[in-house]
Amino acid sequence: MNNVWTDLAIEARDMYTKENKRELDGVIVDEEFEDDIKITTVTIESDEAGEELGKPKGNYITIDFPEITHYDGETMDKVSKVVDNVLVRLIDAPEEKTALVVGLGNWNVTPDALGPRVTEKIMVTRHLKQVMPDAIDDSVRPVCCISPGVLGITGIETGEVIKGLVERVKPDFVICIDALGSRKLERVNRTIQISDSGISPGAGVGNHRMKINEESLGVKVIAIGVPTVVHAATIANDTIDLVIDELSRQAKSGTEFYKMLSSMDRMEKNNLIREILNPSFGDLMVTPKEVDTVVESLSKVIANGINMAIQPNLDMEDINKFMN
Amino acid sequence: MNNVWTDLAIEARDMYTKENKRELDGVIVDEEFEDDIKITTVTIESDEAGEELGKPKGNYITIDFPEITHYDGETMDKVSKVVDNVLVRLIDAPEEKTALVVGLGNWNVTPDALGPRVTEKIMVTRHLKQVMPDAIDDSVRPVCCISPGVLGITGIETGEVIKGLVERVKPDFVICIDALGSRKLERVNRTIQISDSGISPGAGVGNHRMKINEESLGVKVIAIGVPTVVHAATIANDTIDLVIDELSRQAKSGTEFYKMLSSMDRMEKNNLIREILNPSFGDLMVTPKEVDTVVESLSKVIANGINMAIQPNLDMEDINKFMN
Amino acid sequence: MNNVWTDLAIEARDMYTKENKRELDGVIVDEEFEDDIKITTVTIESDEAGEELGKPKGNYITIDFPEITHYDGETMDKVSKVVDNVLVRLIDAPEEKTALVVGLGNWNVTPDALGPRVTEKIMVTRHLKQVMPDAIDDSVRPVCCISPGVLGITGIETGEVIKGLVERVKPDFVICIDALGSRKLERVNRTIQISDSGISPGAGVGNHRMKINEESLGVKVIAIGVPTVVHAATIANDTIDLVIDELSRQAKSGTEFYKMLSSMDRMEKNNLIREILNPSFGDLMVTPKEVDTVVESLSKVIANGINMAIQPNLDMEDINKFMN
Amino acid sequence: MNNVWTDLAIEARDMYTKENKRELDGVIVDEEFEDDIKITTVTIESDEAGEELGKPKGNYITIDFPEITHYDGETMDKVSKVVDNVLVRLIDAPEEKTALVVGLGNWNVTPDALGPRVTEKIMVTRHLKQVMPDAIDDSVRPVCCISPGVLGITGIETGEVIKGLVERVKPDFVICIDALGSRKLERVNRTIQISDSGISPGAGVGNHRMKINEESLGVKVIAIGVPTVVHAATIANDTIDLVIDELSRQAKSGTEFYKMLSSMDRMEKNNLIREILNPSFGDLMVTPKEVDTVVESLSKVIANGINMAIQPNLDMEDINKFMN
């Protein structure tokens, strides 16, 4: 999976299924539709299946939606509602339990700024319940949030900052938002993955080495991610595959040429990719030009979904009033 | 001290001395000059003296300098050097000991953004020593930093965020930078206070309720502050005093009028101030129009001073190279 | 009017009326209420009246509203609707006419950032009508916008930038948004002034020396301003007045003391104020601590009002969809 | 040149030379070295040559330097000095002539923010010469600057904003800074192109359709650009070429297979690329993860070079003092 990195469980599963022509044991897949929004739940039930797919055991709910544009607030609202529904199911904690919302990523790099942009839009209430308890109804959940920055800015592993905070603040659950890397361009900025298995160390836009999950933090961790980039190596890899497929289609089966194409192995491909991406193999990301407006739109969609899910006793209008 | 709030120990001491015509017991004051920069050390030796002045026991070094302008990089360098010297004395920790630099305050409010602006300019090395130890010389101190935001943004007391982080990262000392409130306009943006007694809960620009000091964090805490505002109540208070002084000078001693002026008490003054500042008594700050450029300049001066002090084996040129 | 600067016509008129116990000739005042929102129209009909009040001839509509808080989206919507109504009356241009929206002020200084924050939220359509005419309905007005920065950032008078742009783009009308200075704290962040007389050179937060009005630009100019600061000199002035009033109340009429109080003249007051505000007389502003959230809220209120007014064929929902 | 877009004249020339095994008529190339910095001047002398290369007639000086890292302030200073030297030659205007510096690009998209980041660091003096002539020496050139934003933000063509401004301010020359697209990854963030032929409408990061050059503005225009991205189509194109080259090397000349490889034409390649980059063909950019720190470093290098070049009577120390 070297050259085709994905942070999405659904893509890891799709690659396995395509290669092996069957579902992996220990993996259950369920699909639903909400108009033109597709909701796929990939449940990884065993550690072996998790290892095979490179994702820890758990539930991964993927929300695929049509491109969100400047002109389509209706689709945005529908996606927020789906995010709300999925989160409510995963959170499952009474309204007096405290939520900590964490925006991962680097606010200085547009495609990595999704997490911090979401936290700016979260309805923060924990301090109000302490400072002016009368102003806030009992039915409002205490919510706090932080954007801890990235290793290069702070010199501290993101996981360490969060671990320290969780030990002090003792939230009942944590919601992390992060920008991800997908293996397919068509998913970039069109997919939201929500999972209860935390954030694994990976090759998203940033690099969060220390795992952020229930095991490391001691409380439930829900991770929300959106692929905002594809790694350049993936583009190069796919291009090679496509060229070889194309040539294979043209070549007569059994010829020397056909054999040569079939025998092109991973090592050879890796060398070609390295040559193309030299000198920065592995650190190049592919992202659309209009990434700023898309990240802003997506951060609203996700923040709305989170706000509704963690404040079940408020409707969108109450939340908007509060946020202004 | 209601209407004349100050975060500066030197001003609290000056007010005491003016009122009582003598130095407070348990307070030692020492003055030095470095060209046109004045360095005053106020040492509060007893808890009683601390209580009287409203500042905890400890050393408070105040650096007063001429206005820093666009055109005077030389003065800026001299002030940085003084900050460096003062810090080196207070830190007194071998170069392998880890430093945590904390930028307090709200990055969205210009006069409160000093702390976050300083941390942006700190040479962060802690992660490099872990990730690529060969690239970094042993003589470089591990340094990390954070701007935790304010209560209204995160819903978490700043002190809690820092306490949690200190417990995880285990730095050997902490340097906090914060914007302060002074009682005199002439000190605004022209004074740096450095102390080893931490940051007390106060009425600076923000409100950091939980004490951030050696007692609460378990490691040495050095606080660096610059008054960037004066409270509006202080302006009103001073105006009243000045008017009464002026009238008293004109009145004949012993007349009814003179008596009336002398008998104007604190309660009466408070009522007048409340009337003027209504409806926002206590939450109004006075700050110069060009606060953005001044805060930027001061954050450079302080960051340079900190970088030199915590990296005694590097000179300014090494640090600049690193930071670019 | 030295020490009590105001950018608000209504305050200039109120000061005149208070001092002279009558309305100024050439000034007409009309008041309406919309629930708890007060709408006052001050019409300055003659150049003489304008000179007396320090404001050019024209209509000044002042919208006074209760404090806008985090918790009151309903009031915000009502204020936006009033802004919309007032603007529609002043604009009076068919929907195919082009609007240029200009955000004046310095985005680096929170209380001066109102204008730039409004332009970020304006529905910009002019380019879409050129680039993809099919996507945009004929009933949508072409709108463009700019935040030209301030003299200290660009080295160019704001008026010059706008004049140059107007000559190229040839809009049919211009809407300018700026942060203002009021003479009363109770108006800060609670008043919106809309006028058809342009922006006069003044002492708001920034300093825009070249007039921006129909005469200088050649097209109709509508100015929207919110006082976000009071000048420190105004606070000092008011304090002096209050102290003298208070003492006068206590003194017996006819005594030497009473005479002294009555004879305290403007020169004397100015000297006192200068002494208090030294060294920065004239450049100090008083603003609430939570200026960041208030400016953000007000920028939404105003942007919503503008968007509705310049797009009469769209409702708020259409506009929100477009803006996401 | 569809799939291998470049904004760099040197790359367009290299592609021509490689394909045609000779220099294009009307093109003169000169190379110099300054330590490890390579300075290549491509002079396009005829309109025909310009058309062939897709670049207007003029001088294009390309500065190629080793990767600039956090740790190498020395190289940064050397590159700034080279930028200074090249600019001085192109500007050739006495010190009393006014300069307008324009930062093109979208400040919200990190790889496109180079221009705005440079203008923030330019020593702006034009207003000082007007407002406080005594403070500024006669030997200081009047300099003003602006970052006009992009079409999507303002609804106005960047060229229109600049044209309007030039007509008002009447500068003697204009320096534009923009982020570019190169065709080779190894040039990304390692090359500065300076030319006297203006900015052509192109496919850099943004899209500036109206030409910004001496012809359109009526004054000399010097353009400074740095490639911060490569288009994804270029990566795909290069990958295809590399795979075919590789297979060709392995195939025996004359075989059917060899012929098939040789006959793969541009149309076929384009279709493959479209398939890979679907659905966003043409709008995808490839950029390194650490783009934020690199753009910041490069903006310093370029701003220093510009400041030195336009202020020949000041040294770097004077400029730094002024800028703080």
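Per-chain residue numbering starts at 1, and chain names A, B, C and D are given in the order in which the chains are listed.
Just so it is clear, contacts are C-beta pairs under 8 Å (C-beta built on N, C-alpha and C of every residue); 3 or more make two chains touch, one makes a residue touch a chain.
Chains and their UniProt names: A, B, C, D = Germination protease.
Please read these numbers as outputs of a predicted model, since none were measured by experiment.
Novice: Taking contacts as defined above, which has more of them, B-C or B-D?
Specialist: More C-beta contacts join the chains of B-C.
Novice: Which one, A-C, B-C or A-B, has the same contacts as A-D for more than half of its contact pairs?
Specialist: B-C
Novice: Quick one: report the Å distance separating chain C (Germination protease) from chain D (Germination protease), using the average Cα coordinate of each chain.
Specialist: So the centre of chain C (Germination protease) lies 41 Å away from the centre of chain D (Germination protease).
Novice: How far is the middle of chain B (Germination protease) from the middle of chain C (Germination protease), if each middle is the mean of its Cα atoms, in Å?
Specialist: From the centre of chain B (Germination protease) to the centre of chain C (Germination protease) is 35 Å.
Novice: For chain B (Germination protease) and chain D (Germination protease), let me know how many angstrom lie between their CA-based centres, rounded off.
Specialist: Those two chain centres are 44 Å apart.
Novice: List, in ascending order, every residue of chain A (Germination protease) touching at least 2 other chains.
Specialist: In chain A (Germination protease), the residues touching two or more other chains are 152.
Novice: Using the touch definition up top, name the residues of chain B (Germination protease) that touch chain D (Germination protease) in the complex.
Specialist: Its residues touching chain D (Germination protease) are 68, 70-74, 76, 135, 297, 300, 317, 320-324.
Novice: If you look only at chain A (Germination protease), which of its residues touch chain D (Germination protease) in the complex?
Specialist: Residues in contact with chain D (Germination protease): 67, 106, 108-110, 112, 152, 185-186, 188, 205-206, 232, 235-236, 238-240, 242-244, 246-247, 250-251, 255-257, 260-261, 268, 272-273, 275-280, 283-293.
Novice: For the complex, which residues does chain C (Germination protease) have touching chain D (Germination protease)?
Specialist: 124-128, 131, 142-149, 151-157, 160-161, 163-169
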